[in-house]
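In what follows, chain A forms one complex with chain B and a second complex with chain C.
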Partner chain A sequence: MSTYGARPSPSAFSTPASTTLFRRLTWEGTVPLEIRVDPKELPANSDRGLECYYIQAPRVSYLPLLVPEIKKFLMDVVFDEAAARVVKEEEWWFESEEGNLLKWHWPLGLIYDSHTIAASIRPTTSSSSLQSVPLRLVLHLVSPPTEKLLLSPSAEACKQAFMGQMKEADFIRWGNTKRMTGLRKAEQDGLWEGIKEHNFDEYWRVASKVTPTTTPARSQSPPLPSSTSLHTRPPSADPQTGNGGPDRDGAYNVRNIPVRIYLPDGPVIQDVVPPLLDDGSPNSLHDFLSKNLSKLFPASPSEPPFHELAYPIIQGVEIPGDAEMAWLGACMAGADGWVNVCIGIIRDHGSRL
Partner chain B sequence: MAGGPDTRALPTAWIAMDSGVNIQDALDALETYKKKDASKVVVRFKAVGNAPIMKQNLYKITASNRFQAVIQFLRKELGWKAGDPLFTYINLAFAPAPDDTVSNLYKSFATEGHLIVNYSTTAAWG
Partner chain C sequence: MSFTTLTHAEFEEGCKAFISKCALDRDPISRRKYPPGWHWHEHTSFPQLGYMSRSLSIPAHSLCEDHLDDETDEVYVEVPEDDAEAPQVIRELVTVTLSVVYSPTYQVPALYFTAHHTSGSPLTLPEITRLPLFREGLFPDEQGGSFALNVPDSSFAMLSQGDHPTLGTPSWYLHPCHTSAVSPGSLYWVTLSTSLHITVV
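Take a look at the complex of A and B:
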């Protein structure tokens, strides 16, 4: 966190202060987890009073990265020596309290938020109690349902999946993966090390080379830069990336923004999300949601259902509809480059999450 | 449900007066989004490196399938045994998450009406 200069070079340290702030806030976000070994699988002679492990885990981290410290806790405190000898962490897997399988390759923040929105449609939950309670996970020690988990539970498999997501995001933004493949091996590894060590600077030293910038000019003048050219340019057309202009890495010059919508209990929806609409105005979160989920987010109050039936959360935060998709992509994407929009259902006056 | 002339796009905290009806409407809407996309999209398989070439390489695959199902289909067509290495990519560029749906991938990455899936026996762009 050195300078907050307004130089155009794509560095985390030369982006506007507000961009760095939001990236920092996203990075530092944590979720409370309670991890309990399935009582049926607890080895004989375990200390049953202590089989719960509590952690405030980074949103940008992954379950396989938590396994070493959970294992250490269980070995040190819960299992006896005989049990500790036979425990195989390759067989571990996690479920939510409701019995939903938790995927190795989903960021923890996404696991948490998707649980929050799933709770928003359950008749029994009192929405006010959700916020203070940790997400309860059940740790199974044997018989992983490999087919459904899709990946092996190793940190290495998780890293490969993470790199795949980074490249897919790169392709969506720029139509190729040159920025990602242009990174040296040590730089690619640095991205993952940054997540593993939860080191903002280490991660952003590399991530700033692939993540779009927000141009300093925009923070002073909300209307877009060079509005003359915007009206003639279809949003899906190749933005002038080859012209070497100062803004060619800009958030509003990407082809599309890597976004996925998560609905309560599924499905996951992905669509092309250009930064600008056909008329050249910025594509807002409201525009995006009313295009993809018009039954929950009507485009205007004169169309059914006349008002919003749901609310969007990104990184655990309810986001106003006028937030611009390009800005969200540059400032509130997860470490894998994706903006995960989780949709919760409005239950009553203003009490959500 | 009031849709009167003075209904504006207020912040959501201000609306939802009749929450019981509201939730049912929302749940109904969610059900429609849950419906599986039964349409089919064309997937074109392309071998990379030493991977064997498929005689027939164009297939129609149900859009609601997960990419994992595409991988399994491909393994079967190639006669791959469990444990035989197979790496799959879209557009020679990236390996999608196995739980991504064919529909989502097609919408974002289709080229000339095809979703191009490259396969290799060694990691290529992993």
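Take a look at the complex of A and C:
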């Protein structure tokens, strides 16, 4: 999976068109969800048998954003009038089939991928069942477990959590949050509106001002087609640029890349991830994983255990070890700016996703 | 926003030095600075997730019986040691668990905490702002609803919810830019060794 020795230069694979392509693929990714109301909590006179709601939800969205849609379905199809009057969505909470409380501030793609990798270590999971199965969720209508959930989520709380993550990502990249705070309020709101409406252009109109670019420094670039112009920023157009260097916002000029690692049974690991290693070569996914999970990802094939033990998933896709962290940070981060790497464990018979 | 940063190893060293100071027998004034009850917790597989924490019961809010210490100018909160001498006003006690963890983003210590009524229900954001944990008058009139508390001059919410970095459980999180906000004047005020940049209760 990994290559050793000479690494391809960053500019070889990073044209504006490919950046846009990967950003669009990431944005358009969806996960299948099957949401079922806890039968014990279905109000009397509900239309049982119909209380299961299927949705192919965007990876970049969040559980609280699905609530209006789910509520409409339940009101239209399942609840009778009496029940509909008393429904209180601020008390709703979600649980996985295995009884794990779902985190409403995690993007849906992360919830799905972390469920996938958790399944990779369960003895009862067969390899075929890991293929794109709907994530089965139980929706509870009352009594949120407050000791585990703190306070109930609302779309507004979710938005604030999202903005917090964007600012933190901004800080990790540049050592300050000037790009985020330099946005007008309407623009900051536009990021969240883009997610709510699932509108790629609306989101990236603003995100392009804060996300690192991948265009290598070129003094005479050919004119770019308009669909990709959002994803490269001409050096002179950036009002915040002091010295106006062409790659000031380049993915390889960030201080560090916002990345978190998720393991099948926790915890969440965050480390400093520079775009380049000490020897000047790009920091690859394999370099990063062998530094943080040396037993699962030995640095060299000549070290034990001599065969693969684990695999990294980003946005639902197994990523090759020679992918560069800087590129991942610019092209495959979630909408909140973070690259979430989920680690699956390879079963004895070698099967994985 | 600028910080002097630490490595996790330095953070761990500072915490352990602090905890060992707490373990020494001390006069009551020093015990205010180095209270017992702080423990270091290691993660079984990941040393960079070690942190220190302490659980305590504190009154839900300060009352006027709390008085200023003339010498140190600190306000301290009386906690009755003997029930027979309990003050006339029974104050509800709240269970607070404080965790000083290492923030990999800012590379400084950060404070995470939970606060629950004895019934088990978590405190709301307004109730949290009234805890003697924080300097009085610190929080502006609430801005930000029930999830987070924003302050005008900072791009980061002062108090917000987040997952405890090691335990993964939901906690309140005091943003590192604001750690000097934690009340310097309560019975529970603690100054950590100089290698740390946070003063916590």
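The criterion applied here is as follows: the second predicted complex is superposed on the first by the 303 of 353 C-alpha atoms of A that agree within 3 Å, B and C clash if a C-alpha of one lies under 4 Å from a C-alpha of the other, contacts with A are read in each partner's own complex, and residues count from 1 in each chain.
Here, a residue touches a chain if its C-beta (ideal position, glycine included) is under 8 Å from a C-beta of that chain, and two chains touch if they have at least 3 such contacts.
From a predicted model like this one, the values you see are computed outputs, not experimental measurements.
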Practice problem: Report clash or fit for the pair chain B and chain C bound to chain A in the combined superposed model. | Solution: clash
Exercise. Return first, second, both or neither, reflecting whether A:P301 touches chain B, chain C, both chains, or no partner chain.
Key: first
Quiz prompt | Partner chain(s) touched by A:G49 [first = chain B, second = chain C, both, neither] | solution = neither
Quiz item: Given the touch rule stated above, what does A:E156 touch, chain B (first), chain C (second), both, or neither?
Solution: second
Practice problem: Compare chain B and chain C by how many residues of chain A each one touches, and report the one with more. | Solution: B
Quiz item: Counting only touches as set out at the top, which of chain B and chain C does A:I121 meet: first, second, both, neither?
Solution: first
Quiz item: If you stack the two complexes on chain A, which partner ends up touching A:R347: first (chain B), second (chain C), both, or neither?
Solution: first
Exercise. Scan A:K167 for contacts with chain B and chain C and give back first, second, both or neither.
Key: both
Quiz item: Which of the two partners, first being chain B and second being chain C, lies in contact with A:A310: first, second, both, or neither?
Solution: first
Quiz item: Following superposition on the C-alpha atoms of chain A, which segment of chain C from the set 22-30, 40-48 or 76-84 overlaps chain B?
Solution: 40-48
Practice problem: Across the two complexes, find the residues of chain A that touch chain B and also touch chain C. | Solution: 103, 105, 150-151, 160-161, 164, 167-168, 171-172, 176-177, 181, 266-272
Practice problem: Report the residues of chain B in contact with chain A in the complex, numbered from low to high. | Solution: 1-3, 7-17, 19, 22-23, 25-30, 32-34, 68, 90-91, 93-101, 104-105, 107-109, 125-126
Quiz item: Touching chain A in the complex: which residues of chain C?
Solution: 1, 43, 46, 48-49, 104-107, 114, 116, 120-122, 124-125, 144-148, 155-157, 160-163, 165-172
Quiz prompt | Residue ranges of chain A touching chain B (in the complex, touch as defined) | solution = 103, 105, 121, 150-151, 160-161, 163-165, 167-168, 170-172, 176-177, 181, 256, 260, 263-272, 286, 293, 295-296, 300-302, 304-311, 320-321, 345-350
Practice problem: Provide the residue numbers of chain A that touch chain C in the complex, in ascending order. | Solution: 103, 105, 146-151, 154, 156-157, 160-161, 164, 167-168, 171-172, 176-177, 180-181, 258, 266-272
